[in-house]
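The structures considered in this document are given below.
Both complexes below contain chain A, partnered by chain B and then by chain C.
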Partner chain A sequence: MARATGKILSGEPRWRTQGLFRWLTALLMIVGFVLVYFFFLIYPSLRVLQLSFTNADIAGKGVFVGLANYARLLQDPNFWNALWNTLYFILLTVVPNTLLGFIMALLVLRLRRAQKLVLAAFFLPYVLPVSVVTNLWIWLLDQNFGIINYLSQSSIAWFQDPVFAMPAVAFVTIWWTVGFNILLFMAALQNVPRELYEAAQLDGATSTQVFRYITWPMVWPVTSLVLLLQLIAQFKIFDQVYLLTGGGPFDKTMVVLLLLYRSAFQQQQGGYSSTIGVVLLVVILLTSLVQARYSGLGRRTS
Partner chain B sequence: MNKSLFFRLLAASATLLTLLFGLVWVFPVYWMLVTSLKSDTDTTLLPPKLLPSPIDFSAYTYILANSPILRWYANSVITSLVITALVLVLALLCAYALSQLEFPGKPWLYWIILAGFMIPFQASIVPLFMLMNKLGLVNSYAGIVLPQLASPIAVVIYKQFFDQVPRDLGDAARIDGATEFRVLFSVYLPMNWNITWALAIVTFIAAWNNFFWPFIVTNSIPMMTIPVGITQVQSAYGIAYAKTMATAVMAAFPTVVAYLLFQRRVTEGIMATAGLK
Partner chain C sequence: MRLIQLLAFGLMLSSLSLAQTTVTFWDFFGGGDGVRMKQIVDDFNKSQKDIVVNRTTLTWGAPFYTKIHTSVVAGETPDLITYHLSALPRGLSNKDLRPITAAELKSVGLAASDFQSNIVQEELSIAKQQAGNDQLYAIPLDTHTSVLYYNKNLLKKAGVLGSDGKPMGLDNAADFAKTLLTIKQKANVLPMSFSSAQDSATIWRMWYSLLLQQNGSLAKDGKLSLSDLDTKGKVALQAMVDWSKQGLLSRNTTYPASVALFTSGRAAFMFNGNWEVPTMVDLKKNGKLPFDYGIVSFPKLYANADTWADSHTLAIPNNTKTPMSAAKLQAVLKFVAYVEKTGGLTWAGGGHIPAYLPTQESAAYKQLEPNAEYSATSAADATHEPTVLIFGVGGPVYDAVGNDFTPALLGQVSVDQAIAKFKSTLQSLNTK
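So, the complex of A and B:
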């Protein structure tokens, strides 16, 4: 019926030509989001760039100092240590978490009756607040009374040990977030058209061949998405590290965002901490651009 | 014959292994609950008791009586609900305009909103904190809420869904004289209740769980949200794990319940926000 009416009116309907009024309606609709978006995301992101060229304190008062902060950053052993530790954390989490997510997705998809239940078991940690996760693992990994040291008959102080602290934080992160990866992989695996498997079976393909030529190519786009999403998330790592180790022992788990936080809120260096912020911003923007190319902001709409 | 038996055994052991692994994975959550129901002396018993016997609620009553946990709860409930409602309303309106209306600068605006996906707000907490300080919003609900509204994800998702609504449906209402607001709320929104629910639950869980920003913008104990507040309890009690775990159980309760009740919606919401729909 709607279609018929549209045909009778033909051409540009009247309600579409009342230009000014329609612009005002549109303006009214976007103004709320646009205001908070520019005030609280775009403006701070530009201001951080400007602050990085000043010696501002945390109240924002300071003068232009050119590239002094950047020169200092390049020579700051604390910065390089934090960057190195962040990369180490990425290495310990991103690939293992993706692999585990993929394997568990394959295993969980095989299940019939218990599938929902088992998926929930893996996904449940993901909906816990980070401080609940960290408090829980501080308890599980307690040196004297923790159940893990009891079961393994060890007495390691996991989060205070220079060697084990970072792997322990990485492990907690994997426990917390692998459910997300499993979910994405399960969706990808279920999207592989059944006919492809049937055709392969008719052609007498072995299960290794099926995996190599059907499953894997269909799942690779999601794999790259999962890898890059994690890369971005783990480069910004702060919460778990701050709550589990506070950056210690001996700065062995000091990461970039924690260094920024210390420099800003404990040493009151608004300018220098903004410089670290710019590094964070640039690295994540570049990684996101790669992600946009792969998983496609462009393809989002199709 | 032998071969098929072998494969069936293999399949059965894979199933068993998966179930076992699932149990191991969820065990910490069980341990959190069990520990919270023990007395302080029972928590440090070796070997540990796998069941709380007798069940002891003293950790809960102690926390409720001696910590500001109810205040933190109230802070979290209020800010998370306000964030969820505002994120959805702002996104709904903006996405509708982007999808259905023409206005100058529209492609630009959409491009900037898409670019916002890539901007980590963590990089600019320093100017953001300065801004909040200048506005006098440190240690306030508005201070906690406002930056969390600047999230482009809901806008982009709504726009995608609105683009798929057949134009004729909206046009029919417009010819009947409906305003654009009317068209949005009586045609477009009702057609997209599922994604609205999914977005609402995912936004609520994210707001409830957000640690970093409330941690930066609150430093007075009564203004903390629950994920920030419970880190104070832990340092105050030292080794008193029954109490720490009781606060953890209380802090996690709403998101866990939301997930268990609305599993399918949560999954949908996660898929949509990851760009996989």
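So, the complex of A and C:
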């Protein structure tokens, strides 16, 4: 329509007003989003960056202190411990969660009966709010009355044990979120063209070869996407730790965001907690970039 | 005609509500004491027509104080709040509270001398430290402390109930452990229930009491002092770890479970705050308590009988952006006077020891059961938390105790490790 009128009324100024008109239309369509995006993401982020250079408390303005907060952060053993714990959590969740999602998607696709039912069962935990999930597992893994300890005859205080607390939190996280990965992998697996499998069969490929040379490479783009999503999500671990262990015992589950929360809302150090936030953002950005580069995400498959 | 009547009625209503002053009141009482505070507020609202108190109950502990601070900075404060004495140093250092002058108190018939003097004195010394003046920032409401609840039937079965109906063998730490062991062997129940999972507060209260009883302290001259930690601090934690290891103290038990263990008759003692008194009173009244219970002050196990305590107070947020009008202030103070004077006994029903002396010294309070079993001794033993900024209810020290001591109680780390970690945590908290 626009092009048609342009042809009839050809002439520079007309084109210009029309371009402006299109711009306005586009602007009008995104103005809601831009406003929300600006006021609830860009502006607060810039404020956090600014606060990280001050000694502000939780609600005040504070005084400019330069890089003092950053210097303190680098020397703060609590921060390094929290960063280490976060990385440990990532190690326990990102790859296992992705692999498990992949394997379970393969299994679900092979089911001939009750496939939808099984898929629903696997996906159900993902629908539950985190508080429900954590309460469920606090009960199941309770040292004295929990069914897990009852059946296994163990007396481990899962969430209170310095060794088992983090793996237990990781386990609950995987149980909670693996359903989403299964869905993504099922979609990816179903998108692999049938002809490829048929051709491979005709060529006499073994099932291992089919998996290695067809399934795995065809699904890889989704795998690397899932890995990246997982990496970002697990870096931001907070809810489960806050609800399950509170960072204890012995700071073994004290993760970066919990440290930030404590510093901001308990010790009311707005400036310092902003610094933790900024550093975490940078760490996540860098790791995501590195991962995207090595996994080939974003590059077109030829 | 009817329309005009309706309009006139509406006008009357609106003029009535105009004349009323609304007092917004925030508190953190969620349990048995919340029921009592609600009753006091309801009674007050019914007793007169000029003032309406709107009460909102928020989450107890650190979230409450963060919310107060943000409301002060934003200039959107409630008119009256409850405040812990232990949170006062931090509150004053944040400039969150408005001083209440003697003249203002007098206008509703109150005076600083009407309140338990040690609480007032402590408040004044905190004001001197943090605000550099000698004004009163919070009106004391009560003292609450840790007590021992006991099951008379089980103690009798174990042969440790005296003829006076009080437990025997609570004279020192060794005696106490022996008594608990006797109970375990003879009555075959858990000797003492105590909340130790997902709850650092109860661990802190017991450990701090045991530290205090050895003349230990965590602050000297208003500054953090760690010199007693390696000696008395270790003794206190070791005692708790030993009890825990021998099965004398409930292990890894959440707060509700620790109460349930006692009220169901499966534990002979319960270490808890006096705020569980309403639970016991109500269960007994409804015939749901399968035994006779008693309450004693936390016993003297070492050199003295000092026991952890805190006080609830009433305070006015320091709204500098929109200061409170004179009429509003008067309404707030009237309500405060009502809570202290008329609501005192109702509040005491929550197990707390009233700070308003006329109530505390009244015959009605002295005869109030079961409070009379412990209140006099407990009031004398009550020792507040250090006034160093990092202490205070639900604050970072509570978290540190949960994080550092819980694994020791579960036998996962040694007492030495736990104390060393606690020490370094306190140090790093204090430097900020």
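A few notes on this one:
In this section, the second predicted complex is superposed on the first by the 256 of 302 C-alpha atoms of A that agree within 3 Å, B and C clash if a C-alpha of one lies under 4 Å from a C-alpha of the other, contacts with A are read in each partner's own complex, and residues count from 1 in each chain.
The rule is short, and it goes like this: a contact is a pair of C-beta atoms (placed from the backbone, for glycine too) under 8 Å apart; a residue touches a chain by one contact, two chains touch by 3 or more.
This structure is a prediction, so every number in the text was calculated from the model and none was measured.
Judged by the touch definition given at the top, the superposed model places A:G248 against chain C, while chain B stays out of reach. In the superposition on chain A, contact of A:N78 is made with chain C only, not with chain B. In the superposition on chain A, contact of A:P162 is made with chain C only, not with chain B.
Touch criterion met: A:Q266 reaches chain C, while chain B stays clear of it. Number of chain A residues touched is higher for B, counting chain B against chain C. In the superposed model, A:I58 makes contact with both chain B and chain C.
Comparing which residues of chain A touch chain B with which touch chain C, the overlap comprises 58-60, 144, 265.
Of all residues in chain A, only 1-3, 5-6, 9, 13, 15, 22-23, 25-30, 32-34, 36-37, 39-45, 47-48, 51, 58-60, 104, 107-108, 110-111, 114, 116-118, 120-125, 127-132, 135-140, 142, 144-145, 147, 150, 175, 180, 183-184, 187-188, 222, 225, 229, 232, 236, 238-239, 243, 257, 260-261, 264-265, 270, 273-274, 277-278, 280-281, 284-285, 288-289, 292, 295-297, 300-301 touch chain B in the complex they form.
Put simply, chain A touches chain C in their complex at residues 57-60, 76-78, 143-144, 157, 160-163, 246-251, 254, 262, 265-269, 272. Against chain A, the residues of chain B that register as touching in their complex are 11, 14-15, 17-19, 21-23, 25-26, 28-29, 31-32, 35, 43-44, 46-48, 89-91, 93-94, 96-98, 101-104, 106, 109, 112-114, 116-131, 133-134, 146-147, 149-150, 152, 155-156, 160, 163, 168-169, 171-172, 174-175, 179-181, 205, 208-209, 211-212, 216, 226-228, 230-231, 234, 239, 241, 244-245, 247-248, 251-252, 255-256, 258-260, 263, 266-267, 270-271, 274-276.
Every residue of chain C that touches chain A in the complex is listed here, in rising order: 62-63, 66, 69-70, 72-74, 94, 197-198, 251-253, 395-396, 399, 402-404, 406-407, 410, 412-413, 421, 428-429, 432.
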